[in-house]
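The same chain A turns up in both complexes below, where it pairs with chain B and then with chain C.
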Partner chain A sequence: MRRSMLFLPGNNPNMLINGNCFGADAVIFDLEDAVSPQEKDAARILVRNTMRYMDFNGCEMIVRINSIDTDYWKKDLDSLLPEKPAIILLPKTCTPEDVLLADEYMTQVEGKCGIEKGTVGLMPLIETALGVENSYRIASCSNRVKALFLGAEDLTADLQCKRTKEGREIEYARTRLVVAARAAGVDVYDTPFTDVNDDAGIVEDAKTAKELGFTGKASISPRHVETINAVFSPTQAEIDYAYEVMGAITLAKQMGKGAISLHGKMIDAPIVARAERTISMAEALGLDRRDINE
Partner chain B sequence: MNKLVNSIREAIVLSGLKDGMTVSFHHHLRNGDYVLNMVMEEISNLGIKDLTVNASSLFDVHTPLITHIENNVVTGVGADYISANLGRAFSKGILARPIEFRTHGGRPSDIASGKTPIDVAFIAAPTADAMGNCSGKYGKSACGSLGYAYADAMFAKKTVVITDNLVPYPMQDWSISEDYIDYVVSVDAIGDPKGIVSGTTRITRDPVGLVMASHAAKVIEASGLLKDGFSFQTGAGGASLAAAKFLKDIMLQKGIVGSFGLGGITGYMVDMLKAGCFRNLMDVQCFDLTAVESIKSDPRHKEISAMQYASPNSKSAAVDSLDVVILGATEIDTDFNVNVHTDSNGYIMGGSGGHSDTAAGSKLSMIIAPMFRARLPIVTDRVTCISTPGKDIDVLVTQGGIAVNPKNKELKERLLKAKLPIIDISELKEKTEQITGKPQTLPKGDKVVAEVIGREGDVLDRIYNVL
Partner chain C sequence: MNIKKCASAGTMESSDVYVEIKPCDDGIKIELESVVEKQFGEQIKKAVTDVLDETGIENADVRIVDRGALECVIRARVETAVLRGREEI
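Up next, the complex of A and B:
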């Protein structure tokens, strides 16, 4: 389960050693934009040692390597893949060929390290107009692809439009990516909200992403993690309803009925599937059904 | 009767100060204070020796005190807090006798009982009249409350008010009244306003501090104490203020109206008062300009003396009605003993202030501290100095988890039920040492440079010179 993914600058020891304290479901060790060219090698070592020696308490580790049009990405994979991150975040992915190139090299490195092929997943970062247009092909070109990730800052630069808090300029890209990812059967993550001081703004932005169908949302600020987790967690009402749905379905089966209604609405397969997802997530989060006697 | 004298020197002479006596000062002007230095300079010029300085706190601005110690003008020091640069000098053992550290409650208690008698008290007063009625609320050097000065004024054999805003008798809204005052001196300036109060106290933006603050507010919420009538004290540190912000949000959301906010008061506590989170503020010291303005203008914001604040021998003290206090620590050990007197190298850099008073009096005393500062772990096997005994501490909040004192089983159960990240304090120590390594034990000297006297008068610990 990945509701929140927190970027940690790969060259900031204080953030790295505290990275597991912010409540994020996943952390993204960033070797790309947060790290200047002269610090790439130092950041690689720092991130490698952090992954090797720090206990992240079940917090998933993701590494954003440098893009495949740089001289750094292979060195990034050489250094970090042996530490078995769950996912490699591949920036500026524009085509399926970009994914396949990274996939092929990852397979080579996994082989050298004695890691089973495909252990480490890939998450293409879609942040160009071409990437958006190719998003379904990107999502479905390799079994390594576990999710798509929308990067709105670079995307709006490429689109030659202004990035706004309201986000109308990325509406198309957001819906396009959700549809592409769901069609390919993978998860999809929304771009970070970049104003770290706008507490109300992050709530609205995360709610928008959830309503559109995103699995979760990335953050560049630890302050946003709790909000993102809250927005992408099922509400008590959703949990209670999910249990009601499953109860109704069980009852229908006992009665030999093919369909049953709940609160005047027919329970059909999509509703059951959503209820199952909600209960599964609630259980993973340790959230209980409301005690009706309370 | 004429109490107004021409100079500090004249007041000292008239007070009858002699070799071997004790003089006292309050610290409401904090690092902007001119008065202690002006008085000690005149005392030195008069050739008086072997004095004890009993100050509620000493700041780096008081560094000239070192010269007076070297010249045997001062041979004894008592304080509730000593800031780092001055503390470093004391830690080298420049005083023949150990410093006597007391608490903000213990100090006025011992003054009142005569255990630490004061011969002459010097009260820096931002406004006063010629008969000595005085206040901290008004004037160019306004500091707000004069809470720590009350016991000095009331129990010293002679009391001198020193002001830079002499107003016609009777001044309006005095704090300390003329019946305790022997002499009044008017000077050009009693302090530097920039060092007296800060313009604003700011909530931390440090992500680790915010995580701790968020945990702290959730601990309070889950403790069962957060209900109508709730009372609260927190410090002026960034993480403590952030905890207050999170707490304010919870209180407003739940419509909880607390009874009082206590202690050193910041603008943030004033905001909570204005927002309806508390019915009153009980203020022994103002930390910023917002607090000063509030105590002057809002009748719900009450000035209190250190005796009412925390004295263990008052008929009652506010700390005994306190629900929750948030406190800091330079170290905390696996028995929950807390150090706020020295740094990890053993140098004096603080003091109890109201730490152990509020820890003892409150229903829930919470330490907020990061797992490590720089390379040094905060949780240790044994603190360098016991400032507040572990029996008075309920919970430690760090970014790596929340450790509950085993004595408070009910709190642990409540926090577990609230699904907060509880960790055993020994496990927290090990977890931290996995990152920092285990620091070497420091060798310490054989000279006692300070005694830490608990609020009940017992010696909690001794601080040795640093080699």
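Up next, the complex of A and C:
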């Protein structure tokens, strides 16, 4: 389960070694934008050692490598893939061919390291207009793709528009990515909210992402992690309703009925599926445990 | 294998370590400056010499300015300095 993903600058030991203290479900070791060209070598070695020697206590490790149009991305994979990150975040993914190129090289490196093929997943970072338009093909071109990730800063530069807190300029990209990812059967993550001092703004932005169907949201600030986790966790009312739904559907089965109404609404398969997801997430988070038949 | 040119890695920021490495002809020399030298000076020097051994460096002048770095950070910065000094990066 990934509600929050926290970016950690790859050449900053202070942030890296404390990366598991902020409550994020996943951390993203960033070798790309957060690292200057002259420090790419240092960051690669530092992140490798952090992954090798630090205990992240169940916090999932993701690595953002450099894009495939640079001289760095293969060296990034050579150094970091042996540490078995859960996911490689692939920036500036524009086409399925970009994914397949990275996929093929990852397979080579996994083979050299004796790691089973496909162990490390891929998360294409969609941050160009072309990437948005190709998003379903990108999401569905390889079994290695586990999720899509929207990067709004580069995208708005490519769209030649201003990035705003309200986010109207990325409405289309957000909904397009959610539909593409869900159609391909993978998760989808929203872009970070970049004003680290706007506490109300991050709440609204995270709520918008959840309402649109995103699985979770990335953050560039540890201050945003708690809010993102709260927004993407089921509320007590949602959990209570989910158990009511499961109770009602159990009763319907006992009565030999295919469907049943609850609070005047018909309970059908999509409602049951949503209730099952809510209960599963609540149990994983330790929020609420009870017998469905209660 | 020896160091070909002066090189450095790391920063003076908290939890980091600054490493300078220079070519020399008479073995390994380590100069250490650390706020925790009394408690951890020997461990820091051992981490440095371990990386020099692993990378096959027999002669080098190494200056370490430690700002409370963990061993994995020290090892990373020394390795980076060595690779830069050997012009392998």
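Observations
In this section, the second predicted complex is superposed on the first by the 288 of 294 C-alpha atoms of A that agree within 3 Å, B and C clash if a C-alpha of one lies under 4 Å from a C-alpha of the other, contacts with A are read in each partner's own complex, and residues count from 1 in each chain.
The rule is simple: contacts are C-beta pairs under 8 Å (C-beta built on N, C-alpha and C of every residue); 3 or more make two chains touch, one makes a residue touch a chain.
This is a predicted model, so every value here is computed, not measured.
Applying the stated contact rule after C-alpha superposition, one finds that A:21 touches chain B and leaves chain C untouched. When the two structures are aligned on the shared chain, A:50 is found in touch with chain C, with no touch to chain B. Contact with chain B, but none with chain C, is seen for A:286 once the two complexes are overlaid on the shared chain. In the superposition on chain A, A:259 contacts neither chain B nor chain C. Contacts of A:226 after superposition: chain B is touched, whereas chain C is not reached.
Touch criterion met: A:13 reaches chain C, while chain B stays clear of it.
In the superposition on chain A, chain A positions 14, 17, 53-54 are in contact with chain B in one complex as well as with chain C in the other.
Chain contact summary for the complex, chain A toward chain B: residues 14-15, 17-18, 21-23, 53-55, 221-223, 226, 286.
The touching residues of chain C, when paired with chain A in their complex, are 9-10, 13-16, 69-73, 75-77, 79-80, 83-84, 89.
Listed in rising order, the residues of chain A touching chain C in the complex are 12-14, 17, 41-42, 45-46, 48-50, 52-54. On the side of chain B, the complex with chain A involves touching residues 207-208, 210-211, 214, 399-400, 419, 431, 434-435.
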